[in-house]
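Got a structure for you, written out below as structure tokens; questions coming shortly.
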Amino acid sequence: MSWLPSLKTETHEEGFQLAINLSRTTVKLTQPDDGVRGGLRDDYANNADSPTMASQVVALNFQSISEANNYWT
Amino acid sequence: MSWLPSLKTETHEEGFQLAINLSRTTVKLTQPDDGVRGGLRDDYANNADSPTMASQVVALNFQSISEANNYWT
Amino acid sequence: MSWLPSLKTETHEEGFQLAINLSRTTVKLTQPDDGVRGGLRDDYANNADSPTMASQVVALNFQSISEANNYWT
Amino acid sequence: MSWLPSLKTETHEEGFQLAINLSRTTVKLTQPDDGVRGGLRDDYANNADSPTMASQVVALNFQSISEANNYWT
Amino acid sequence: MSWLPSLKTETHEEGFQLAINLSRTTVKLTQPDDGVRGGLRDDYANNADSPTMASQVVALNFQSISEANNYWT
Amino acid sequence: MSWLPSLKTETHEEGFQLAINLSRTTVKLTQPDDGVRGGLRDDYANNADSPTMASQVVALNFQSISEANNYWT
């Protein structure tokens, strides 16, 4: 089964969670080496702007998902 | 109850506040470790560009929320 | 009265000014500590890329405001 | 007369030039101190990524202007 | 045959994969020197924010592709 | 003749190439000094994130161009 069967979700909150999952999967797919990713995780945890930059990706994906769900009107 | 029951708000200002809340929640969800987040907060407070980067996330989320509210026409 | 009563403006220029005000308010709301913000202002003034990063926030907010005004057609 | 009387332009190229002008004006309005801006200019000229970051602002503004002109259809 | 024959895909997952491919191709086209790219790869693997920044590009391209597929409604 | 006569292209691939050209032209127009640009080129070639940041500009311009071409439906 696909890891991304749809952009549609029942609720706003699930849509937001999907935006986070999509962002995490993107990091895995753009840096597939587990060892490298593990090493980066420590640096990431020490850079105050890392969560902010990750939030930008989530916000962009949430735009796509919100649009796909017609903003859950 | 969901922490994100809707993207709709009564007023522009509430919509903007929601954009800020959404951005803060994203940081919590992408860096769930309280201790790490606490440590980062000091660095964040000393980086002149951190509030600007956070504002980019807010601006992106405000785009989604404005669209969801049809720009409060 | 609300500090953001509307996204509608009479003119393009007022819309652009609103985008700047919105961006400034976001910085205040994401870093509400006056002392910290004051200290950051010096660093900000010495980082050549700070105004550019701030301009990205303005550009994103101007997108929302332009759309809200139907591009002042 | 307004420095931004309209987002409409006759040609694509003029629209692109307007995006650049808008981006430059934003920098002036977010860092109005001439002396500070002058000092930053040297740093800017020595940071390889500065023009790229400035180009992001231009690209965002060009999105607004293109939409305002209905992509010059 | 073109390396980008279409933005249309059968599934969401293929659309997401196309967004990643598009982002990789962009890096190749903006830095065509293989030797330089090879040298950068090590630095890239040591910067915790590099995958996040790459994810921003993917998210922007996924917006275009999602729109082109009408969000796979 | 204009260097940007249209945002319309025959094919997806030409549209993508236009996005790259537009991004390169923006860098030239925002940093018109050839000597400065030449000096920056070496730094650019040594910063692993520079191609990624350039790709963000390309992705934003590709959004405009895709929309202008109605996603080549």
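To keep things simple, chains are lettered A, B, C, D, E and F as they appear, and every chain counts its residues starting from 1.
What we mean here is this: contacts are C-beta pairs under 8 Å (C-beta built on N, C-alpha and C of every residue); 3 or more make two chains touch, one makes a residue touch a chain.
Nothing here was measured: the structure is a model prediction, and the numbers come from that model.
Chains making contact with chain B as well as with chain C: none in this assembly. Least-squares overlay of CA atoms from chain A onto chain C yields a rotation of 120° to the nearest 5.
In a homomeric contact, the two copies may use the same or different surfaces; for chain D and chain F, under half of the interface residue numbers are shared, pointing to different surfaces. Between chain B and chain D, the centres computed from C-alpha atoms are 26 Å apart.
In this assembly, the C-alpha centroid of chain C lies 15 Å from the C-alpha centroid of chain D. Between chain C and chain E, the centres computed from C-alpha atoms are 30 Å apart.
Shown for chain D are the residues that touch two or more other chains, namely 23, 47, 49-50, 53-54, 56, 60, 63, 67.
In terms of which chains touch, the assembly is arranged as a closed ring, every chain touching its two neighbours and no others.
In this entry the chains close into one ring whose order, counted from chain A toward chain B, is A, B, C, D, F, E. Chain A contributes residues 11-13, 16, 20, 23, 45-56, 58-60, 62-63, 66-67, 71-73 to its touches with chain B in the complex.
Listing the residues of chain B that touch chain A in their complex gives 2-7, 22-23, 26-27, 29-31, 33, 36-37, 39-44, 47, 49-50, 53-54, 56-57, 60-61, 63-64, 67-68.
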